[in-house]
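Here chain A shows up in two complexes: once beside chain B, once beside chain C.
So, the complex of A and B:
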């Protein structure tokens, strides 16, 4: 398309008769409009599927709306939905669950991913890509497949895990305590590879000279990790932890697919995102669900800001650089 | 060029007009397995209505109800006939998005006496509008493994006399066979809160919308559930999970209280190898309850209401369609005339030759009409969660029910 336009312009005659003049004007206008037409698909799609839902959910959060009753049934309630959500005991409970998951699955992710990435970086040569790929596979696996595999593995009476463990069978998915541990483990397992890849990419940028110099000075492998790799990884740590924070606070898929919604432990593993979903699609209260989603957004924004204040400052600018 | 286009457009429009005058097509939105009943009825429908085509759009259970919620919300993409599962009937009927079938030209009130009584209460909303007609029902029954029960030296009467004898029988059964009489102790809670309701009182709310969950009915339900759990007669599995299915297949779950339609599921896919070993009994302690059921409704925005109404009647109030549904799906008909068909008296091989449908007919006649509230499913979730607190954390029952009451009242503020 672009080619056509430029070649058109190139062959336009310099002197114009009146009929040609209007055609040229039209062509000039077309050339001016063309870039907008080309960029329009993104803006149209973003407007329809990104911006509109965003603004509509703000609007919705200020209304009481039973979706099944139709659009005409919306009526203005102001901030009442927010007040209502905050006073709902399940909201507080879901926030606590979410924070628990964020810590229980998030902290081990980084504590394992950092040394693992260092180990892969320093010891593996030919098999490196294969190993990294293997760790990355869970990240790109479909959640339906994950649900199938893990419900089978963790099955109380027929699962492989209980079959290997001595003692009475543990109800991994039916007991509130174990269900949380299981979910935290699945989240850890799923995103470990992602963090390894992030840290590995940062390690590859660190100059080998530093390690050589340290080796000459007699630094052990541990000292090299502690005093060279770790400080230089700080910007990437900030970035990775921010991603984990945001992802874990929006946690939905793993508990949703592993624990049937009718199960007795469903509320023990209910994250805020699941609470929002339940509000909308089970209780039919889309107004409150929208309010919950905005509350969640503010919490995530606040924690991310706190994270960047805490140890991000120079880290953030390093990543930008 | 434009003239050719214009001619083509004209021809297309003429063609469309011609075909429209010949036949009308109505859209029926439904879900499996219910869609099989509609598909099976189509040949007979076409004989009776050669000028009305039926397009069946079937989505998975959850997708269907989500899609229909969205369609009702936006008022677009609504079918002419909508199938609704019992779980959603309260919410959908309460939305006011459907034709009131009590009013002319439908006058479904005249059909009321032809159907199982409680179904009309289920499909009627707070404004007194009848939103749907019932297609099938789920009379509550106790399905149990007669071979395992006999092995433990027990009889059916031991299971059904009272809840206490049910629990005692469960203990003996577990000791003798290792099998659980219950998948989940919550099943007892579900039934006890549904039984012996004063006429016109809902499960969770009374007529004025007052929350009832701290009443004696709920206390007793929680106590019995906890007693069963403490006695260790439940397998601790949630319905419709792999564990549950495996429990049936491995002879670990010897009883399940559920709608009669579960016998069809057991036969078709849950545990076909256990054929002949199951029996159906009334629920323990003289309880009568219904589990599930399906309905057909006509949205207010439907394009072909007259044809849609004909189809709804054809699927629900037509004896032959109802009997055919029973044969294809093993569902139990909501239409009384269909319950008089000889097929009801046939022995059922899966249930060891028991004429169980006669029993189900009796049960259906005794199930009380319980008004449905649009907050029922929310209240069910809350009660379930609090019951879990009682079982796993040893929370005491009055506190749990008081917490449940305040949360339900909070949620049902509107």
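So, the complex of A and C:
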């Protein structure tokens, strides 16, 4: 930019007519202000629909407020909403459910995605794009459409799954234990491809020479995976697991759509995000709901931090770079 | 790798494993399209149908009886198109400013853009609803496409692309020739952003099309529902018309599946680039 201006001056004719000079000045000022105008839409929108709501929800979480009575009816209760939420047994139960889903769908996602990405990377050539695309499709499909088809496939009396399995039919969506398994499976199914793609993108950066040298030394595929790929994938593992953690702790859509609210197992699959939604939009208690959302936020932040400690400093900083 | 092309037992096993995964992932889609062509009795027959039937049009008719389906489809199209169009222009503008211009506070402002991606969305659900209420935007499509009209991911993607793929000399030359800032952006930078705009457009359209929580919180009347919300509202505890519902799901899924088939590589690369480098 600075170079530009000096070269501008150097090539300009020595005697400027006044009109040209003022035009040049105007242009220079416009060039200075233009970038601010160009980025303004984002900051205006973020301010109105991002930052303001965020700050407002802190304010809200410290008030008791009946939504029906209008904004004037807000009154200050300090940390009461937080106390109320923390002592509410449903909040604790929703947290446990959320953590259960995070582990039951998150751990298999990575245990399958890692070796699968390695296999795809080392074995497939021509068909790779097709396979990667196929694994990615669930990620770009409507969660409602996915939940609806799984509702039919997992239907107790007529579903395809029970038709294929031997033995007495399993009540996949009506039994508390199986409903959780089903939801964890659907979440696993939906995000497996995403993780495979992430790991594949990291594997592509690893030099092929490393594997070749290992092959010459007589290393088996498993040894190549264990001693070459896995250590080099550590930064990506940290990143992918962080994304899974953050995503799974906010789990809402899959259980919300798969299990109708009047179902007998609704409370067994209620995540904290669902609890918050219900508190606000069914019970109209926006203050407590906001407090719940901030509690969940702190839990997510704490677990993400714990995860980065677990991976050690090198893993975390590699990704940050 | 040398072992990649021979059909060794281990390669056969790998192919079988990867193939089984593909089947597992594709089966639900297959069943959605197959069930869309059967009536309810057929779908729940034992064994269930594995091949297409003849009830597709009947299912669509039933769907139209239960839902203002075309209006829902129109609403989905409208919201997704508006979101995409706005994002293409606004993200490219901001990305251009961040990639090419030097200005005070640039680093901090860009860090803010990237940082805003980290905020979990559920935190905003309740206050956003209240802001929409204050603005009187409840039940209006504006509430769905205005807040995300200049997404942070889009700005990030466009900045990366403009910074690396558009020669600075070209921009400088345009300025020398007397192009104003907007003119340079619109006539010189934008035409060269094709690939990045394509990726960004697809990502934005897909996300807007599939958005469920947004409409769930702000849309009130069935005529204004987007497709995901409309389809969910058809589900009832005992007598869901599954054939019609699957026909609706298939129609909602088809445009994205087709777009995905033609752009999978670019889309996957764009999505992961945003995530990985972010």
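In this section, the second predicted complex is superposed on the first by the 283 of 321 C-alpha atoms of A that agree within 3 Å, B and C clash if a C-alpha of one lies under 4 Å from a C-alpha of the other, contacts with A are read in each partner's own complex, and residues count from 1 in each chain.
Rule of thumb we're sticking to: contacts are C-beta pairs under 8 Å (C-beta built on N, C-alpha and C of every residue); 3 or more make two chains touch, one makes a residue touch a chain.
This is a predicted model, so every value here is computed, not measured.
Once the two complexes are laid over each other on the shared chain, residue contacts for A:264 go to chain B alone; chain C is not touched. Once the two complexes are overlaid on the shared chain, A:210 sits clear of chain B and of chain C alike.
Of the two partner chains, neither chain B nor chain C is touched by A:230. Within the superposed three-chain model, A:107 lies out of touch with both chain B and chain C [touch as defined at top]. In the superposed model, A:297 makes contact with chain C only, not with chain B. Of the two partners chain B and chain C, it is C that touches the larger number of chain A residues.
Legend: residue contacts after superposition of the two complexes on their common chain; A:157 is shown touching both chain B and chain C.
By the document's definition of touching, of the two partners only chain C reaches A:41; chain B does not.
By the touch criterion defined above, A:134 reaches chain C but does not reach chain B. Of the two partner chains, neither chain B nor chain C is touched by A:181. Residues 151-152, 155, 157-158, 260, 262-263, 281, 286 of chain A touch chain B in one complex and chain C in the other.
Chain A contributes residues 1-2, 4, 8, 27, 30-32, 34-36, 38-39, 41-43, 45-46, 48-50, 52-54, 56-57, 60, 116, 119-120, 122-125, 129, 131-138, 140-146, 148-153, 155, 157-160, 163, 189, 192-193, 197-198, 201-202, 208, 211-212, 215, 221, 236, 239, 243, 246, 250, 252-253, 257, 260, 262-263, 273, 276-277, 280-281, 286, 289-290, 293-294, 296-297, 300 to its touches with chain C in the complex.
Chain contact summary for the complex, chain A toward chain B: residues 64, 66-71, 73, 84, 87-90, 151-152, 155-158, 171, 174-176, 260, 262-268, 278, 281-284, 286.
By the touch rule above, chain C contacts chain A in their complex via residues 1-5, 10-11, 14-15, 17-18, 21-22, 24-26, 28-29, 31-32, 35, 43-48, 90-91, 93-94, 96-98, 101-103, 106, 109, 112-113, 116, 119-131, 146-150, 152, 155, 172, 175-176, 180-182, 185, 206, 209-210, 212-213, 217, 227-229, 231-232, 235, 237, 242, 245-246, 249, 252-253, 256-257, 260-261, 264-265, 267-268, 271-272, 275-276.
Those residues of chain B whose C-beta lies close enough to touch chain A in the complex are 66, 69-70, 72-75, 91-92, 94-97, 184, 186, 236-243, 246-247, 250, 252, 374-375, 377-378, 381, 384-385, 387-388, 391-393, 403, 407, 410-411, 413-414.
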